[in-house]
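Below you will find the structure I want to go over with you.
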Amino acid sequence: MIVILKPHAEEKRVQALMEQIRGQGVEIHFSQGTTETILGLVGDTRHVDEDWLRASDIVADVRRVSEPYKLANRRFTPQDTHVTAGGKAIGEGAFAVIAGPCSVESEQQLLEVARAVRNSGATCLRGGAFKPRTSPYSFQGLEEEGLRLLLEARRVTGLPIVTEIMSETQLDAFADVDIIQVGARNMQNFRLLKALGQCRKPVLLKRGLSATIEELLMSAEYILAGGNDQVILCERGIRTFEPMIRNNLDISAVPVIKAKSHLPVIIDPSHAAGIAWMVGPLSRAAIAAGADGLMIEVHNNPRCALCDGAQSLDPAQFDALMGDVRRRVAFEGKALL
Amino acid sequence: MIVILKPHAEEKRVQALMEQIRGQGVEIHFSQGTTETILGLVGDTRHVDEDWLRASDIVADVRRVSEPYKLANRRFTPQDTHVTAGGKAIGEGAFAVIAGPCSVESEQQLLEVARAVRNSGATCLRGGAFKPRTSPYSFQGLEEEGLRLLLEARRVTGLPIVTEIMSETQLDAFADVDIIQVGARNMQNFRLLKALGQCRKPVLLKRGLSATIEELLMSAEYILAGGNDQVILCERGIRTFEPMIRNNLDISAVPVIKAKSHLPVIIDPSHAAGIAWMVGPLSRAAIAAGADGLMIEVHNNPRCALCDGAQSLDPAQFDALMGDVRRRVAFEGKALL
Amino acid sequence: MIVILKPHAEEKRVQALMEQIRGQGVEIHFSQGTTETILGLVGDTRHVDEDWLRASDIVADVRRVSEPYKLANRRFTPQDTHVTAGGKAIGEGAFAVIAGPCSVESEQQLLEVARAVRNSGATCLRGGAFKPRTSPYSFQGLEEEGLRLLLEARRVTGLPIVTEIMSETQLDAFADVDIIQVGARNMQNFRLLKALGQCRKPVLLKRGLSATIEELLMSAEYILAGGNDQVILCERGIRTFEPMIRNNLDISAVPVIKAKSHLPVIIDPSHAAGIAWMVGPLSRAAIAAGADGLMIEVHNNPRCALCDGAQSLDPAQFDALMGDVRRRVAFEGKALL
Amino acid sequence: MIVILKPHAEEKRVQALMEQIRGQGVEIHFSQGTTETILGLVGDTRHVDEDWLRASDIVADVRRVSEPYKLANRRFTPQDTHVTAGGKAIGEGAFAVIAGPCSVESEQQLLEVARAVRNSGATCLRGGAFKPRTSPYSFQGLEEEGLRLLLEARRVTGLPIVTEIMSETQLDAFADVDIIQVGARNMQNFRLLKALGQCRKPVLLKRGLSATIEELLMSAEYILAGGNDQVILCERGIRTFEPMIRNNLDISAVPVIKAKSHLPVIIDPSHAAGIAWMVGPLSRAAIAAGADGLMIEVHNNPRCALCDGAQSLDPAQFDALMGDVRRRVAFEGKALL
């Protein structure tokens, strides 16, 4: 961590600040120039508060050199983490496809989609029981009944299930879920993240619409700090000024996260694109960029879907996509789970 | 709502779609041009799902004409809403200043700040007991003890208190709080919004860092739809590409929200600026743009604050600001509460 | 084009507006609802000014249905355009790799890089003679001497050359250049675009840092409208809030532009990434997403480059990348030019 | 400037790098920690290239401490610069209102507007002769005839004129213009900036839609470095994700620029808002935030304006606004020029 002092800071004040910093168990290297004075803080600076430093009126600026995340940091855990659900270990070299409807609508709908995606080779079944909707007037999900149907679909197809949690109060109800999803809007619901850190279930953590990569890793750090290291990160598009695309898939996030962290990273091309015909090209880009998996919306009848129909593939389209995915995953020298 | 059909859509398919739309109680005006065909949907289109329409493969695009929010909409409630806390009615013409520390740190700290801001003329006391922090290693607030101290500070100073809730499970603990704050990161925590709709307490709803104004109004709609119309909206800066400013205060949001909605709007210049010296100019801009209030961080010793010290004013700076605010609120022909 | 009238607009005023619109050779379909009235404008609405409509105080909103670009629009030119330089036709199915140094620094440097990229299989040689630099104190390019060296490098290697123009006053000096590049900062330098429309040379048009895809296509339209249809579009990263990536590669732009336009689209992963190790993953994503080519910075000694050294590959790294690119282009069923 | 070295960088390489840096006339303070090594560069680091440093494979990161602009920097020129046009010195304490039509359309139109804004108290007359338009099919301005009419309007009203230049080739034609405007799209047209640095005319430099404040100051630095210190900066809204506002007025830019630079800053609320009714609130915010002036579009008949009619005030609206502006400028203790 680097602290840049204001020009002409009073000597006595500077000494006092340095005393306080050293009191936090950190060493200081002092560089005095003609126009600026720099304090280089070395050691474990994780607990040194930037805000506290910035509040000092002799401090001009503070720059972090080392990352604020530790457990999620590849520097300290060089080996790739694999996240295991239903006996399948998702991560570097082992590619997962999580597919299913945006929301669970009925037993018939869910089983039809579940059988279709299983037959096409999906790794896991996704489906929303509790739906975070922008409008209070939109369909909010089948809730507990939706969860029950997902378990039924797992029984029938053998696919591990992934579904979204909206509050830490639901953890008991999610006890039998294989992978608990945290949606983009809850990426910084810290009460929920802490509770997930306490449980021993895989978590699929989606990046918020305007969350930085560092913030995403810090949210993962909340879960890891609780003792749960089974976290999959998911990039699903960020908010930019471009109106032609619903959410702008941040493809660079894949190599950046793989470099910075040991956690698996998957891509959700359906939410990024917002429209079915773009799911193919974005899936292809994701595989080539090094993602560890895809999360894709499939509906037996997209035109009648209760939410996000426009971005859902129908089973035939998904089957064609899976053929392409299989060929590409093999080209990358990876195994499709 | 306008539905633009694809060129050369099959006549039979178009008729079927129109039948389905009419089945939802909506009238259609049909415009056939040489290059495009347009369906104008009129009536109560609030429940007509855009996604469902977009999923049809004969639909090229869907555009909403009327706003999706109804209870928060000035069109249907032309008169300004005032939100009452501690006997003070905040809203058009009645300007509120909510001031206090970012987080409650100790009885001495809180009482010192509370007395100072009361003496300088603040309307309400703010203070965080539960703190949403990006890092799990940062100070997370005094929690229940913090709430207790806030109630004590109210007893001593008479100021109504504003503090942030993080989960619907905390509602009982917040029973004596005057105004419940929903932070930017929880703006779309829909479980929390629904629970707040059920209670009968004023809510201060902060705009998310990348939430559109329409999304903010839809989150307010969640609370209003539950029967609670006591909602104050708060703009606190949005995320842009500009690195010199922590969050970019969206000053245009003030006139836009005042035009679109009847709810009061306040500005949080402290979080927008991220640095104390910018709180003054942004406060002045907020008053001039028509805001109904300000939310300002004040700390008795900003250099030792456990969070956000850099953006906190000390009591003397706040007192000077209040002198300026008083003059400006009077200039606008409003009353300082 | 759709015009939404304000509620309670005076009948006489509405009739007058409709008269004026019809006077511009456009038909109107009129839809009167209970809460809103909609005018559907059909025919050639390209010349109907949205601003003029919005300025009417009986108009609530205006929405375009058809795209404002015509010559660049795939709807009117369904077949893919190929852009020919040095006997090579770049476009759908024919993949180009444009490689070379950020700026031309010396004869030795340029020839060394030119020979290396030719030997590794590059299609064209790039190199900046006139450099747009944020700072007036940065190296501004060798200018005319740089152009001369590029022509020399073409003579030696046989590679067509691509270099950036900064003003329409330079067109004569660029007479022997094979492909004239318009940089991101000049994407809306309309004087330059008009001049390029008048010449008969291939143009490589880079997307501005915060230009929408529609604006990029409108800038292409300027060139096409002048009679020059040899335009290659280049996505090179957009500006977002994410600080870990210099410019955020908008990978979705590739399928969107290919759907909307017949012009070839290439990707510049070097400027997007800003750092050499990310050029590989972004190049792979670009090929998979359907791009028609890549533009890559190569320097014989990146550590001593006078600009953008951090993002330049050295010849060995470029050679390794080309091996990978060759395999992937073949996998996509395309030919590497 | 701070250079952070990679962990385990070879001693010999580090020494070599330090030698090269010292060779550029810069001193180094060396800080070796357990996890990182930091080089603090002190002295005149303006010419030390960040890219060159980043390209070294023993460098992990580079952070600038001092600003890259010098002539535009308040640190080196503490006193406010005033820009003089037509005998009026615009800058701190002296508030300017530049008003007029988006584009010059006819002698009658221009003279009518010019007389109206003069009578209402405007400081300068604006009007576009050459118009940068997104579409080649939109009205491109009256060009030379437009310039002639502006000079005529100055003769009639006595108001200094402000008009936009699009290329350095037009400088001769602009010889009689009082203030030359550089539009947002040309903020980084470096050929134009250099040419303006050579002339001795006031320049009004608009911030690009996604330009950072530092980039704006660097563009001003281009003009100042040429020897022309008569530069007014203009904030006119930035591009964000918010669809309800055309360009998001960055009000924080006013106090930030005033702190960083000695140049005057004005606000263009018309382009930011994109709609006439928002010009009032944004103007009020601009004055309160400390701007040195406003640039406002006025049209004698906004409904028939050939461009940007929606955001233009009519003369009566402008007159009412000027009454408000006069009161507010006096409240701030400034003089309306």
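The letters A, B, C and D name the chains in turn, as written, and every chain counts its residues from 1.
Note that in this section a residue touches a chain if its C-beta (ideal position, glycine included) is under 8 Å from a C-beta of that chain, and two chains touch if they have at least 3 such contacts.
Quantities reported herein were computed from a predicted structural model and do not represent experimental measurements.
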Chain D and chain B - chains in contact with each: A, C
Classification of the chain A:chain B interface as same or different, half of numbers criterion: same
Chain pair showing more contacts of the two, C-D and A-D: C-D
Distance-maximising chain from chain D - centres being C-alpha averages: A
Centre-of-Cα separation between chain D and chain A, whole angstrom: 39
Centre-to-centre distance between chain D and chain C (centres being mean Cα positions), rounded to whole Å: 26
Set of chain C residues in contact with two or more other chains: 210, 239-241, 243
Pairwise touch network: line, ring, star, complete, or other: complete
List of chain D residues in touch with chain C within their complex: 46-47, 49, 51-52, 54-57, 68, 132-139, 166-169, 185-186, 188-192, 194, 208-210, 215, 218, 221-222, 225, 239, 275-276, 302-310, 312
Interfacial residue positions of chain B with respect to chain D in the complex: 210, 212-214, 238, 240-245, 248-256, 259, 272-273, 277-278, 281-282, 284-290, 328, 331
Complex contacts: residues of chain B adjacent to chain C: 2, 4, 27, 29-36, 38, 40, 42-43, 60-61, 63, 65-66, 210, 239-241, 243
